[in-house]
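In what follows, structures are represented as C-alpha cells.
Each of the next two complexes has chain A plus one other chain: chain B in the first, chain C in the second.
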Partner chain A sequence: MVVRQYNEEIKYLEKINPYCWRIKKGFQPNMNVEGVFYVNSTLEKLMLEELRNCCRPGMSGGFLPGVKQIANVAALPGIVGRSVGLPDVHSGYGFAIGNMAAFDMDDPKSIVSPGGVGFDINCGVRLLRTNLHEKDVLPIKEQLAQSLFDHIPVGVGSKGIIPMNARDLEEALEMGMDWSLREGYVWAEDKEHCEEYGRMLNADPSKVSLRAKKRGLPQLGTLGAGNHYAEIQVVDEIFDKYAAGKMGIESIGQVCVMIHSGSRGFGHQVATDALVQMEKAMKRDNIETNDRQLACARIKSVEGQDYLKAMSAAANFAWVNRSSMTFLTRQAFAKQFKMAPDDLDMHVIYDVSHNIAKVEEHVVDGKLKTLLVHRKGSTRAFPPNHPLIPVDYQLTGQPVLIGGTMGTCSYVLTGTHQGMTETFGSTCHGAGRALSRAKSRRNIDYKEVLNKLETMGISIRVASPKLVMEEAPESYKNVTDVVDTCHAAGISKKTVKLRPIAVIKG
Partner chain B sequence: MDEELGGISEEYYDIPPVKYEYLDHTADVQLHAWGDSLKEAFEQCGMAMFGYMTELEYVQIKDVHTIEASADDLMGLLYHFLDELLFLFSYEPFLICKKLVITEFNTQEFKIVCRCYGEEFVIGKHPQGTEVKAITYSAMQIIDDPKDNKYEVFVIIDI
Partner chain C sequence: MSNLFKLKLSALGHPNPEFFNCEDEKEYRSVVLWLEDQKIRHYKIEDREGLRNIDSDFWKEAYNTYQKDLVSPAAEGTLNEQLNWLLSYAVRLEYADNVDKYKNAKVEEKKKAPNVVSSNPLDNLDFSSQAFKAGVNRVCTVASIGPHPDPKIRLAALAKVLKTSPHPEPLQTEVNLVNQPSDVLKLLFVQDLRNLQTKINEALVAVQTVTADPRTDTKLGRVGR
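So, the complex of A and B:
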C-alpha cells in the first residue's frame, strides 16, 4: 500500500551514480536491508512515473510499483546484501519481475519464496549456433520458418509430439537433461553448456502433485505461448571478439537459433501448489510479510524443502523441454539443408534460467556464505574463473542470453567480477513490459505489426494473431536500453548482438 | 463424458449474455465479471477465462463435465473454481467451455459444483488465443452486495 505523497516517498530514494539508485530503509516497513535498482535516464523516468501514479489519491491497493516491491522483498527474513532491481524491473506478484534476493542458508529465519522464482519455473533461453551464413538461409527462409513452425508445437492447447508416458515423465523430472541424453534427443556436450548441466540433483518427483504431472505430460516438448518464442537470428554486431570466438561466433551474419521457453503448465502448477502450502505454514511459523503474495516458508521447514525439491523437478522439466525443442530444431534444419545437424555445427552455446532459486556461495561482508539466491526475471551472470561455469568459458565468463522482444534484437553478454560483488552474479533477463496487454490489444493493429515485421525482412509464424499485438515491441521497454544499462553499470558485458530473421510464436 | 448428452433439455443450449470484460494490467490480464447474483458473477468469470484462450463463437456444446471446488474462504473458492476449470482444459478432457452452470454454490461451507458445457479443444477448429498459465490472488476482489444488487469479481490471471 502506498500511503505517502510522492514528495515524501522520493526522499527515501537516492541516486548513487548515473546507473544506480538506492532505496533506503523505511521506504517500506520492516526493511532488513536496503534496496537498489539499476536504470539509465530513460528507464529511470518509467520507474519514477510508476511510483508517482500510485501516490495519487484514489488509487486502490493490489498494484504496487516496482520500487515498492523491491523494498517489500528487502523486508523478508534472512535477506542479505541488498534487494536488487535489474534494469528491466517491472511490477509482478509479490516480487517484482527483474528482482534478485539472496537469503543466508545458515540463518534459521531465512525463507524461500515461490514468488521470488516466478510461476514459470526455469523459464530460460537457449542459444544454438550454426555454421550457416545469412546468405545461405535467405533463399529458403520462408520454408525454414515454416519447417520450424511445423516441427515445434506452439500456442494454446498444443501438445508435445515426442512420445511420453507417465513413467517417462517421472524419469525426466528426476534426471533432467540426462534423460534427454539417454533417449537420444541431445548431444553429450549440450549438457556442458547448460546451467547445472541441465539437471538439478535435489529434484524429487514425489514432491510434485499429480495435478502438476497431469498438466505437464501433454505439454512436454511444446514452446508455449505468451512471450515464448523460437527465433532464427543472425549476428548483427560483435562487441568482444575474443569472448564471441570462445562461443563459436566468428562473423557478422552467422546464423543462430534462440529458444525462449520454460516449464509450461507444470511449473505453474508446482508454484501454485506451493503457495497454498506456504500460506498455511506462514500462520503456523508466525512469518509476517508486507504483502500476501510474498508467501514464503522457512528454508529448513518441510514446506520450504518440499518446494525446493519440486522446483528442481520443474527446472528439470524445462531443460528437457528446451532439449526436445533443440532436437526438433536440429531436425528441421537438417531436412532443409540435407545435412546432418553435426555438419551444420548446431551446438548449444549456452542455456540460462531466469526464473529460479539456486544455492550458491558468495562473499558477504568479507565472509564466504552459502546463500539461497532467488532470481525472478533475472539471469545468473558468473564471472571468469568461476568454478561452476564450463571450461571453455573460464577466461571469458558465463554467457548470458538476453532475449529481445518480437522483431527487435537479442544480446549475448558475459558475467563480470563487479556483478558478482554487487548483485551476487545477477543481471537482467530481457526487455520488461511497458504497456499492458489489454492496452496493446486496443491500440495496436495486428496487421500493422505483421507488415512492419515483413518490411524488416522478418518471417513470422504465429499461432495466435491477437498475441501479435500484445507482443509487439511497442508493448515492451527497449532491450538495448536495458542491456546498455547493465553494461554501463558493470554488472555484465556486451558481447554479441543478434537480429531475428524468422520468428515462431504461440 | 460423465453424462448422457440426451439428458439435457433445449434450454441448456441457450448461451447467456456476456457479462465480463478484460482490464489493463502490465504483464497479465485482469478479468472483471458481474451478474445478478454472486453465482452468476463466478460463472461469467469462468467464461471470461475461456474467452481469452480462444474465440467462443467457434466452440460448440458437445460434452458436459462436472467439476467441484472447495476452500476455506470466499477468495479461495473463486481461486479453486477457476483452477479446476483451467485443469479441465489442460488435461483430459481438454475441454473448452461454452457455458457454465453452477448447480451448487455454498458460501457458508465454500463449496461449488459446476456443470461445464463445451467440447474438446482442437487446433485448427478453435482459434488459438492466449494461454492461461495460472490463477492468482493478486488484486482479487469479490463484491457481494445484495443491498445495491452489486455482484462483481476481479481476478488477475497469469498469461
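So, the complex of A and C:
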C-alpha cells in the first residue's frame, strides 16, 4: 500500500458534481481504470474522515478505507468502465461493501473474485404487499410479531421447520425458486417478480463441498443473524404514484412485509472454499493484486468456473430460503387474520439480490459487451424497457428494495437509464455500516436500543438481545442520506418509503 | 396412484371402483382375484385356488408365483406397482379382445389451436397496388435507399437499414412524430408480454396441482441464540 500524507492522497480525488467524486489513476498502484463514488455532503465527510484516519502515522494494518478498496478493485485485470462505490460504501473483505465492478468476458485475463460477491452470497431483500391497513394490524401487532417469530426461526444456529433431506437440497440448489414452486411453497407470480426469476441456470451442486451442504441443510427457511430481519412495515410516503401503483402500493398506511436474508452458512462455506482454490490459481497464472484479500481467478479457468457454478448454487439456496420464509409469513398472517393469503393479496412486489456476480450485457464506449458484473452490497437497478425485468415493471423500471437498519425506514426505488450508463445499472443496497460491530458493542447499551424501539411503537422479537447493539441505527449511516444521494445523482429514483411497526431478528 | 387404480378399474368394468382402497390388504387381494377370474384368466379355474383363499397365510406365496407365471416386470416392486402392472395388463388383454370396438373410440379433446383468422392488416396488403409502390418510394427516399424495380425488395432493404444502423436523434420539431408511434409499439409489446406471462403462470399453476405438497414440521424448528 502506498503510504502518503492525507493532503497528498486528496489530490487524487476530484469532486465532479455535488454527488459524485472521481478517483484518479495513481491513487493506488496499477489502476486499470478510474474509480468513482457517490456521496452527499454528510456521507462525504464520513468517507474522507475514514481516509484521514488511515493516513495518520502508525495506522498501518487494520481496515482499509472504502475509497482505497474501490481503487484496489480498479487495479484488477479485465475491469472495464469504472470501479463504482455506492453511497453506502464501507470496508469489507477485499471489495468494499457497496462496490460494483464489471469485467469483460471476452478478455482472457478477466477475473472473478469471491471478495466481490461477499460471504453471504445472494443476500437480498424481498418485499410482500398486503391489502391490510395499519389500523387493521395495530390491535394485534404483538400477536402478529410473535406469530412471525414462531414461524420463522432466527438467530445463530437456528433450524428451519420445512422438512428437507439431502436429495431435496441437491434439487433445490439446482432449481432455486423452481423447487419452491414445484413443492408448492410459493406462487407462480412470485417467480415472475424475482430477479433472474429465482433461478441461476448455471448452478452446479456438484461443485459445492459436502461441508457447505451439511451446514446449509438444516438452515433452509431460517432468517439467520447479523443484519438480517423480517419486518412488518407500513407505507409512510409515496414519491412516485404511478410506479407505486404498478407495484400494488395504493395508499399511505398500507401494510407490507420485508424479508432480508441470504444463503446462511451455505454461502459462507462456498466462499471460504473458493478462496482457498483461488490462491492456488493466482500463483499458477501469475495474477497480482494490491490486496491479499482480493483473491481471484480468471473467469475462464477451472477455479473461476467452479466458483461461479457453486456461487450460483448458493444464490439458488438463498432464493429457496427467502421463498420458504415467504410461505411461513403467509401462513402466519393467514392464521392471525383467519383469511387465505390470496385474499390478503400477499403478493411479492420484488426480490433483489445485493451480493452476487452475474453475466450481463452492457454498452461500454458505444459497444455492446458481455460482462461479469460483481455487485457487493449493491443492487441491480435496471431501467424501464430492459428485457430482463418483469413485464409489470417494463414502464417503471426495476423495483429496487433498500432495507434500512432496525427501527429506521426502508425504501423502494426504481432503476433509471442514467444508472444504466453510469453504474452498469447498479445502486445502493442499504444503510451501510458507520461503526464496526466491535465498536458498536462497546459504545451502545442493548437495553437502551430495545427501549428506544419500544417508545417508537415498534414491536421487537430478537433471539439474542445482547447482539442488538451491533445493529442499532447508531451503528449505521443514515439510510435516507444514502437513498437521497442515489436519487439526486440520478442512478435510481425514489418511489416509496416504508417504516417498520414490528421487527423480528436474530 | 389410487386415482390411477380407480380409472383402470372402472375401464375394466369393476363393480365399485370408487371405493377401492389399495392400502387395505383384503380389498387388494380380492381385486387381484377379480382380475384373474374376470379378465386375465391365465390359470384354469381349479388352479386359482391359491389366489382364492384371500384370508390364507399362503396367499402371498400364491400371488408371487402368479406374478412369476405372468412374467410381471413389477414382481420385485412395491405392492402398488405390482397391482398397477396387473391392471395395465388386464386393460391390454381387454383391448386385444375387442380391437375393433375400441379402435374407433375417440377422446373428446378440446380444440387445441383455434382457427387462425389473420388480423394482421399487412397480410391483406396488395403489394402490386400503386399506393403501396408510392408509399415505399416515399419512405425510401427519406432513408436514402437506392432504387430497385421491385418495391418489396426496396422495403426489405429499408427494414435492414432500420434494424442495423444507429437511429439519429429526432429533430425537436419531429420528436412527437417519432416518439408517439414508438411509444404505441412499446405499449403493444408490453401487452403481448403480459399475455404470455399470464399463460406461463397458468401452466405453472396447472403443474403445481400435480406436484405441490408443502409441509412444515414445527418439531424441527429451533430458535438460535
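To be clear about the criterion, the second predicted complex is superposed on the first by the 504 of 506 C-alpha atoms of A that agree within 3 Å, B and C clash if a C-alpha of one lies under 4 Å from a C-alpha of the other, contacts with A are read in each partner's own complex, and residues count from 1 in each chain.
The definition used in the following text is that a contact is a pair of C-beta atoms (placed from the backbone, for glycine too) under 8 Å apart; a residue touches a chain by one contact, two chains touch by 3 or more.
Just so we're clear, the structure is a prediction, and the values are computed from it rather than from any experiment.
Colleague: Which of the two partners, first being chain B and second being chain C, lies in contact with A:Gly184: first, second, both, or neither?
Modeller: second
Colleague: Identify the partner contact of A:Arg292: answer first if only chain B is touched, second if only chain C is, both if each is, neither if none is.
Modeller: First partner only.
Colleague: Between chain B and chain C, whom does A:Tyr93 touch in the aligned arrangement: first, second, both, or neither?
Modeller: A:Tyr93: touches chain B, not chain C.
Colleague: Does the superposition put A:Ala225 against chain B (first), chain C (second), both, or neither?
Modeller: A:Ala225 contacts both chain B and chain C.
Colleague: Could you look at A:Gly506 and tell me whether it touches chain B, chain C, both or neither (first, second, both, neither)?
Modeller: So A:Gly506 meets both chain B and chain C here.
Colleague: Regarding the shared-chain residue A:Ser158, is it in contact with chain B (first), chain C (second), both, or neither?
Modeller: After superposing on A, A:Ser158 lies in contact with both chain B and chain C.
Colleague: Between chain B (first) and chain C (second), which, if any, makes contact with A:Lys214: first, second, both or neither?
Modeller: So A:Lys214 only meets chain B here.
Colleague: Which partner does A:Phe327 reach: the first (chain B), the second (chain C), both, or neither?
Modeller: After superposing on A, A:Phe327 lies in contact with chain C but is clear of chain B.
Colleague: Mind telling me which of the two, chain B or chain C, contacts the most residues of chain A?
Modeller: Looking at chain A, the partner in contact with more of its residues is B.
Colleague: Contact-wise, after the overlay, does A:Ala463 reach chain B, chain C, both or neither (first, second, both, neither)?
Modeller: Both partners, chain B and chain C.
Colleague: Kindly list the residues of chain A that each of chain B and chain C touches, one partner per complex.
Modeller: Residues 155-158, 218, 225, 463-464, 506 of chain A touch both chain B and chain C.
Colleague: What does chain B use to touch chain A in their complex?
Modeller: My answer: residues 22-29, 53-54, 83, 87, 89-92, 94, 96, 121-123, 126-131, 133-141, 158-159.
Colleague: Flag every residue of chain C that touches chain A in the complex, lowest number first.
Modeller: Within the complex, chain C touches chain A at residues 186, 190, 193-194, 197, 200-202, 204-205, 207-208, 211-218, 220-225.
Colleague: Flag every residue of chain A that touches chain B in the complex, lowest number first.
Modeller: Where chain A meets chain B, its residues are 60-63, 90-93, 97, 119-120, 155-158, 211, 214-215, 217-219, 224-226, 265, 268-269, 271-272, 292-293, 433-439, 463-467, 470, 506.
Colleague: In the complex, go through chain A and note every residue touching chain C.
Modeller: Interface residues on chain A, with respect to chain C: 149, 153-163, 181-185, 188-189, 191-192, 218, 222, 225, 327-328, 331, 385, 390-392, 394-395, 463-464, 506.
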